[in-house]
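Here the structure comes first, spelled out in structure tokens, and everything after it is commentary.
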Amino acid sequence: MEKALFIIFAVVSVAAALNILLQRNPLYSALSLVGTLIALSALYVMLRAQFIAAIQIVVYAGAIMVLFVFVIMLLNAPKEAPYIEKHKALRFLAIPFAGLLIAEAFYVIRLVKPIQMPASDDSAQAVGTTLSVGTKLFTDYLLPFEVTSVLILMAIVGAMVLARRGED
Amino acid sequence: MQSSITNYLPILLMFLAASGLASILILLPRLLARRRPTEAKLRPYECGVEPVGSARERQSVKFYLVAMIFLLFDIEAVFLIPWAVAFPHVLKDPAYTPLKYVFYGEMMVFMVVLLVGLVYIYRKGVIEWNR
Amino acid sequence: MTDLLLEWTIKIAVILGALLTAVAYSVLLERRIMGFIQLRRGPNRVGPFGLLQPAADGLKLIFKEDIIPSQASKLLYVIAPTLLLIPSLMIFIVIPFGSEIVLFGRKIALQVTHFDVGLLYVLALGSVSVYGIALAGWASNNKYSLMGGLRASAQMISYELALGLSVVGVLIQSGSLDLVEIVRSQGGWNGMHWNVFVSQPLGFLVFFIAALAEANRTPFDLPEADSELVAGYHTEYSSMKFVMFQMGEYCNLIAAAGVSTTLFWGGWMGPGVETYPALSLAYFTAKVFVFVFVFIWIRFTLPRFRYDQLMRFGWRVLLPLAILNIIITATVKLLVS
């Protein structure tokens, strides 16, 4: 059961990810990315990372991708002109780089040791719940959390400066 | 009332059921309704006047700014939720008693920093639509 | 496992059936109340008191011509209504309709499921439903639709913030995102220990207003402001695709009523639910009905906001109020402990 579900969601996420690249219309690419994110969040749930899965949808699918879709709709970005046609030399560079990427992926996969998943109703599955994330985040990882608030503030100022440049 | 990971499965079931319903609703008129398209029927509706130009023009940058600011404050909300869930448990747990003021204080500091951001947004007039 | 799957499937079927009926009749209810408020009768010809009106309307709409405008982006135009309808239906699997009842010698909990991140799941679905509206506006390739879609999405994301922050006070009370736990945390005082009485009147006010805006209801119905945008993002939609938008909107309305009830008005809690568990279902239904009535009442009482007022209200009034509510709730909780 769990294996079948994993395969389904894995295939969906990879297929949607491929679709991002194959689509010429940027809006369809953005929507495929939303599909990938949703399939990935299903995989997170299966890894017992329930809180992260929910946050993935709220922040990535519900906020970041909305921003992307907005930009595409507002700018009315034209259909992508094939970049490769303009830079023929890049085509030959692509093959070694793709090979490198595949080799790297294999290396990482070999490196990771399989972990023992807690049984379905084990107390160990509480690792990914909101409560355990909350307690850990605000006790052991207090400083990174406070630094994040300053980071968000900087992002707000940065967004304003970039968007309002040349207006005054 | 232990909630286990299998409790997430109905999400998938409901998604399939809802998608099935949506597909039926899309297909029904295809099967039952007759179609007699004419050029005027398929034109974009502009109150009966010939459409002028395309709808896909560039829109005000304000919408984009609002989406950007929303994204940043949404991340703030995401931090508040696990904190709020853990807070009553920390207050109840005797092991955390010396820590409870720290636990309370750190979120207040976080919110003050973000309120500064909010005031900055007000001053910059992102929300002012008539400017 | 098969046992559990069967139980879920039956519950989902029951909920879908009940929900579609409720949607059909809340449309009728809205039209009747609109009639009475405007000193006319409203639809009362089809069946007794017009009770068969939804069926007649449904039949009519199925046989209406299904138009896809020639300049639209065909695929997006077709899937946009499903992107609004599907998330709005999916919310209902975590809403607890009642406590446990015994049926055919088997204990049955009156919700499809519950899990650790229940409330975040509801908020996530709310944030995803922006796509349906934004894409409908864009795909139609019509100026009114695009403007309506843009307005709707900017409005929804603005008020989503206040919505997300207004529930934090409830979480400080319950210590859980699981909606079943949230209802159980309101069980004291003979079933009257509701959050809205105890500590969250301000939180409820913010949540209620933000939920109105999320559901694009008056006074926040600018996305479909008839006098300026024809019908907003669904100007170009006809036949069942129009019905899907309508269904999605009314599902969101009922969901807003259900979630407000669950979070702030004790859910299915009330006096006597301990001894008579079946009473819980009645309490929940009654509370949701009152909310739906109030939503409709507001629609025909208040005028529409102007767009700059709407944005300013969301960001400068509602958002600070939500933050204030969190600070007050947390401080009181700390001092009481």
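So that you can tell them apart, the chains are marked A, B and C in the order they are listed, and the count of residues begins at 1 in each.
The rule is simple: a residue touches a chain if its C-beta (ideal position, glycine included) is under 8 Å from a C-beta of that chain, and two chains touch if they have at least 3 such contacts.
Keep in mind that this is a model prediction, so the values were computed, not measured.
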(request) Could you quickly compare A-C and B-C and let me know which has more C-beta contacts? (result) B-C
(message) Measuring between Cα centroids, what's the chain most distant from subunit B?
(response) A
(request) Would you kindly tell me how far, in whole Å, the mean C-alpha position of subunit B lies from that of subunit A? (result) 17
(request) Could you tell me the distance, in whole angstrom, between the mean C-alpha positions of subunit A and subunit C? (result) 29
(request) Averaged over CA atoms, how far is the centre of subunit B from the centre of subunit C? Could you give it in whole Å? (result) 14
(message) Can you pull out the residues of subunit C that are in contact with at least two other chains?
(response) 1, 115-116, 120-121, 138, 146, 150, 153, 157, 160, 175-177
(request) Enumerate the residues of subunit A that touch no fewer than two other chains. (result) 50-51, 55, 58, 62-63, 66, 70, 73-74, 130-131
(request) Identify all positions of subunit B at which a residue touches two or more other chains, and write them in rising order. (result) 6, 8, 56, 59, 63, 67, 70, 74, 81, 84-87, 89, 107, 121
(message) Please output the residues of subunit A touching subunit B within their complex, sorted ascending.
(response) 5, 42, 45-46, 48, 50-51, 55, 58-59, 62-64, 66-67, 70-71, 73-76, 120-121, 125, 130-131, 133-135, 137-139, 142, 145-146, 148-150, 152-153, 155-157, 159-160, 163-164
(message) Considering only the defined contacts, which subunit B positions touch subunit C in the complex?
(response) 1, 3, 6-11, 13-15, 17-19, 21-23, 25-26, 28-30, 32-37, 39, 41-47, 54-56, 59, 62-63, 66-67, 70, 73-74, 77, 80-81, 84-89, 91-92, 100-101, 104, 107-108, 111, 115, 118, 121-122, 127-130
(request) Using the touch definition up top, name the residues of subunit C that touch subunit B in the complex. (result) 1, 4-5, 8-9, 11-13, 16, 62-71, 78, 81-82, 85-86, 89-90, 92-93, 112-116, 120-121, 138, 140-146, 150, 153-154, 157-158, 160-161, 164-165, 168-169, 171-178, 180-181, 230, 235-236, 239-241, 243-244, 307-308, 311-312, 315-316, 319-320, 323, 326-327, 330-331, 333-334, 337
(request) Using the touch definition up top, name the residues of subunit B that touch subunit A in the complex. (result) 2, 4-6, 8, 12, 56-61, 63-65, 67-72, 74-76, 78-79, 81-87, 89-90, 96, 99, 102-103, 106-107, 109-110, 113-114, 116-117, 120-121, 124, 126
(request) Under the touch definition given earlier, write down the residues of subunit C that touch subunit A in their complex. (result) 1, 73, 76, 115-117, 120-121, 123-124, 126-128, 130-131, 134-135, 138, 146, 149-150, 153, 157, 160, 175-177
